[in-house]
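I've put the structures underneath this note.
You will see two complexes here that share chain A, one where it goes with chain B and one where it goes with chain C.
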Partner chain A sequence: MTTIAKKEEGGKRAVQKGRNEKSAQRIWGYAFVAPALIILCVFMLLPILQIFYYSLTNWNGGLKSDFIGLKNYIDIFKNPDFFTVLKNNLVILLLGVPVWTIFPLLIAMIIYEEIKGYKFFKTVYFFPSVLSIVIVGTLFKTFFGYVGPVNMLLRNMGLDHLAIEWLAEGRTSLPIIVLAVNWAGFGSAVLIYLAAMSAIDPGIHEAAQLDGANWLQKSLYVTLPGIKNVVQFTIVLNIIHAFSQMFSYVLVMTNGGPGYESTVLEYFIYLKGFRAGDMGYASALSVILFVLVCVINLLQSLIGRKED
Partner chain B sequence: MFRKKKITLSKVIVYLFLIGVAISTIYPVIFMILSSFKDKIDYMKNMFGFPTVWKLNNYKAIFNSFDIKQMMFNSFYVTIAGVVISLIVTSMAAFSLTKLKYKGRNGIFSLFMFVLMVPGQALMMPIYVIMSKLGLVNTRLSVILVYVATSIAFSTYLLCQNCRDIPDEIIEAARIDGAGYPRVYGCIIVPMLRPTMATLAILNFLSYWNEIVYSRLLLQKTQLHTMTLGLLTLNGKYGTNMPLLMSGLIINLIPALMIFMIFNKYLSKGIAMGSGK
Partner chain C sequence: MKKKWALLVAASMILSTLLTGCGSGEEVKLPETDGEQTTQSTESEVSTSQMGEETTLVFWSIGLKLKDDSGIKMPEELAANRYIAKFEEDHPGVKVEVIDQPVDGIHDLFKAANVSEEGPDVIGLWSGTATNEYQDYLLALDEYMTEDEMNMYTGINLCKKDFKEDGEIIALPYNVTTYNIFYNKEYFDKAGIVELPTTFEGLLAVCEQLKAADIQPFLIGDSSGESTTWVTSEFMIDQVGTEKIVDFGTQALPFSCEEYKKSLETWCGLFGQDYTNKDFATLSAWDSIQRFVTGEGAMNINGSWAIGEMEPIMGENLGTFKIPAISGDAPYADYIVSQPGANVSVTTYSDNKELAVEFIKYMTSAEFEGEAHLDTGDLPANNQVDVSIITNPISQTAYSWVKENKAGIGYDSVISVEAANELYKLAPTMISGKLTPDELMQKLGSIQ
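And now, the complex of A and B:
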């Protein structure tokens, strides 16, 4: 028995440290990661580098592309519309991220207790996630239109003065976009939170229950800390979404209007690049967008680390 | 012992809240369905009720103005190809990045993480130029590649998390038994990644099917249009005809809904399997 064991040990060591093993891992390591890496490089990294390059030119999308240094950036910061656009992004960020993070969290914490009908709720809440943004945007545009159901309801209740053209003012259209995003996405967030909660050791919950903790205390002191990582990841994702997933909503619901009142940075890039044809300017805007997202991510991770 | 269930006020409020949210998700769909069978006049006079006369005019109009069959084909083709390619490519990458050791591995992993932060939509311009140069504008391949590329980072990240949990001993045992790494990938890694892959398959299917930005950019010829693109066109052309719009939404909804229902069963099985570890 000992000889066989020794042989296996020898075999194991050979596998772990042998030269063949090292080169096998190297060859297959590169081979397996190659397809994904190539696609990533050609269709993500290369465009990113190109954007950085073109932001320093006056490229018009065609053959004209002269180096003009930082002129685009200077023009951007001299443009008052740019600051309107930034403000819109800020509004969506400050309204959206809390709503998109906390609303599903609340629901997940309630459903987690496996109350009656939780399967039904899970399915029903997830349903809007299946719909395309075009559907969601069109739906909300219809519902909040001047002659739409929401206004009809308000008028029937005698609240005529509230029955305004919701999507015609930046003041109200931005919150409605936030609402649309929440409606479409909270279901999948609930599922993600629930999956994370199911990873918590039920023993801790039982112990807390025995100690007399009620639902609120259990949620705050057991469940929440247990899924802290997932919540943080969700916050980061939501922040990124606030800057990168708003384009389709704006396109379908408001076209950025009136003027620039509901234009977000993504949409501004599209307007300047494809509508006005100033791709150099649009590239510079894209660079600013990247930097913004990176900075916010950095800040967020620093704050997160401090709390640890 | 007979135990009475306490019906506390807080429980009632909580249930009302949950039901309220449920209504907010279901009602718009009911509204869509009912409206799609009304003509414009009925809709304006009777917005909230059942159609006084159930008319199929809207649906007929849409089938007449759009080649629905072609659009369905395009959507399915592009979406399924994208999902399959994405699953293969990202699972291979996850295996390589978590279980195989080689120089530059951490750098490559960081690259994937970096790209996670980049909004795919901001890259419209260079991607269009690259596709132009490759002669891929107005081909289905172009959007397939874009879809895969923009979702690679997230999918790989998720699979890496899962792949890390696969015990090294199993791989070592297989290697001692003489299995080559492709074998390890096919017979060990893939089966163990199945729950996550199923989740990703659904998420990617939905996101590719519903994608609008790049399909609008790259699929300019009408015969290449996807269902979602068709809906956008409908929105633009007949945006004021609410019932017509609603029927367009319903037509668009049905395939995604069917896929969702099919996968929902598989998904709940998958999540149960994963947590049962």
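And now, the complex of A and C:
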């Protein structure tokens, strides 16, 4: 065999060896991912698919499960409490998402300037994130209770007319819940923003400063565009939060009351499924929640893509 | 070769993952009997005495005091633990495995356990619908009890299937409860109130007197609709009596009835007149106890279970009277709501039915309920209890009402769980004036 032919043969063997190695790596990868994937499918995907089925039945959580078609959905849309609950979720969405996005962003921007004591503030702002939701909820419930510190302060300041029963009405309890969520979660969001900001080339900031840009101009025209993707991601997360992370706060702070004034969809699902034992109805509510979150996120990503 | 070993390891990991949690017991083949081979699971939750092995009774408990949160009494000093230990002592080879279940979670756990029939032998539950909804899984006890034994318990009808007089007994009660108005004697003296009210009109007059003496008449907690339910239950009994109240469950007596409307409207008459604390809609009845005993409000609506919390702090300053009748001319004005609070049952799938029945009789015996009263302050449901064991004057008063035998069950114990939950949820909204009694009645009627 000539040298060239030998080299060609060697080259082909090398390519084949490379392909075999890649194939082996792929098989190894699948093999080691398989257990986790199976667990995910069995304990997450399968129950999710089952919910779609059970939403079409009158399942009571036990042995009784007869197919009833769309009756659960019809009953849900006939129930005025459902629309009250949906309205509450929308209030939290419209109030909460801007607060949970912008507030930590402002804090992150200030800390990014490395003001005196910024390391201390970074730690302190993260502290509420490590507290359990039950503790946060109980704290805010106590603070805003009729005889709590907030009302005591207002009374001492001569503002008795403002010392109201904050958690007794939906129009005040929902903003308090948004506040509680913000207090508990803004520390993590600050860290995420700071991490994104630190990835911006410092040279751009220096150039802007040399051009005479002040802090506000640098923030708006350099920092913000630089972390746009992270802000969008945070908005998506907060939208999901508004629909799927409110349960514990509502349970601890208001129990969804009075009536349904502060009940959110998650809590409504809990009431129907676990208090009333109507798992079929609760499953239908869960499907509606799932569709709602998907639609909102889809809209949000479409708007984001359009802007790009 | 290396690849084959790696694939083998991965395959065995997958297999072990799939097998984990799939079945927790091994099957044991017993010797053939009558030509058929039988198998029996040896899962630890329900095991039977076979060939001299230990018998385990699994007991899911709520309603029994198994530990003292105040730390004053050690667990082994509490009556429940002592009696369980004594039962084991008297039955060699028998172990009672007590699982103190969370009150909120026990229903879901029991429902799930019933599907697979892998639940407890014995279960404690709250009385009423909370027990009745599981009637298909609870052993009918009539064939295990004598007539005398059946008559030993106050409020036993609430422990029968569908609460019918001739229904099968599916539970035995641990205790019996009353609904009370507790009052601060010092405040009543200060306001010059000498006679306790027996009608709602009289109660409103007392409120006026207290208000005139610059004392807040009521400290009410109704965030979960408790006070509304208790008071309107009393009003319903006043009007329809103890037999007809059960018809609420079947809606032979509908939510739209005049009596219920009158009950709700009368109760709402207490509010909006500065007779109560402002946060009644967000304060629970249990949390209201703490504020009442520290002097906020002259009166508090609660149950006999609160006596143990109030009396140690208020001592002789604490008084109690029955929730006043809806009106003096109500046909059953001198009747009250008194019913078992918690009860204990045997499951139909228990492999140790006779032993389990013996156990629940033991845990609801006069001796046990008398001693349990000393731990908890709960009024005994067993009417054979030596009443001298009840030394607390407030408990004595409440128990004397029970002994009058003019008591019926609360309607929330007989309506569906869904309707009851809706009532508890919407009651604070109603007394806050955001929902009318008519709207509440309509809502409940559409659910039941």
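Heads up, the rule we're going with is that the second predicted complex is superposed on the first by the 288 of 308 C-alpha atoms of A that agree within 3 Å, B and C clash if a C-alpha of one lies under 4 Å from a C-alpha of the other, contacts with A are read in each partner's own complex, and residues count from 1 in each chain.
Here is the rule we go by: a residue touches a chain if its C-beta (ideal position, glycine included) is under 8 Å from a C-beta of that chain, and two chains touch if they have at least 3 such contacts.
Worth saying up front: this structure is predicted, and the values here are computed from it rather than measured.
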The chain contacting more residues of chain A, comparing chain B with chain C, is B
Looking at A:Ile110 after the superposition, I want to know if it touches chain B, chain C, both of them or none. Which is it: first, second, both, neither? first
Just to be sure I read the superposition right, which of the two partners does A:Ala168 touch: chain B = first, chain C = second, or both, or neither? second
Considering only touches as defined above, state whether A:Tyr146 meets chain B (first), chain C (second), both or neither. second
Applying the touch criterion given at the start, work out whether A:Leu220 contacts chain B, chain C, both or neither, answering first, second, both or neither. neither
Go through the superposed model and pick first if A:Trp183 touches only chain B, second if only chain C, both, or neither. first
Using the superposition on chain A described above, determine whether A:Phe274 touches chain B (first), chain C (second), both, or neither. both
Taking the superposition on A as described, I'd like to know which of chain B and chain C A:Phe32 touches: first, second, both or neither. both
With the two structures laid over each other on chain A, which partner does A:Tyr260 touch: chain B (first), chain C (second), both, or neither? second
Applying the document's definition of touch, where does A:Leu63 land relative to chain B and chain C: first, second, both, or neither? second
Residues on chain A in contact with chain B in one complex and with chain C in the other? 24, 28, 31-32, 35, 39, 61, 147, 274
Per the touch rule, the chain B residues reaching chain A in their complex are 14-15, 17-18, 21-22, 24-26, 28-29, 31-32, 44, 47-48, 88-90, 92-93, 95-97, 100-103, 105, 108, 111-112, 115, 117-127, 129-130, 145-146, 148-150, 152-153, 156, 172, 175-176, 180-182, 185, 203, 206, 209-213, 228, 231-232, 235, 242, 245-246, 249, 252-253, 256-257, 260, 264, 271, 275
Note: in the complex, chain A contacts chain C through residues 24, 27-28, 31-32, 34-35, 38-39, 61-63, 145-147, 165, 167-168, 254-261, 271, 274-278
Touch list for chain A against partner chain B, complex: 8, 11-12, 15-16, 21-22, 24-26, 28-33, 35-37, 39-40, 42-48, 50-51, 54, 61, 107, 110-111, 115, 120-121, 123-125, 127-135, 138-139, 142-143, 147, 149, 152, 183, 187-188, 195, 198-199, 240, 243-245, 247-248, 251-252, 266, 269-270, 273-274, 279, 282-283, 286, 289-290, 293-294, 297
How about chain C: which of its residues touch chain A in the complex? 3, 6-7, 10-11, 13-14, 17-18, 107-108, 111-112, 114-115, 133, 223-224, 277-279, 281-283, 417-418, 421, 425-426, 428-429, 432, 434-435
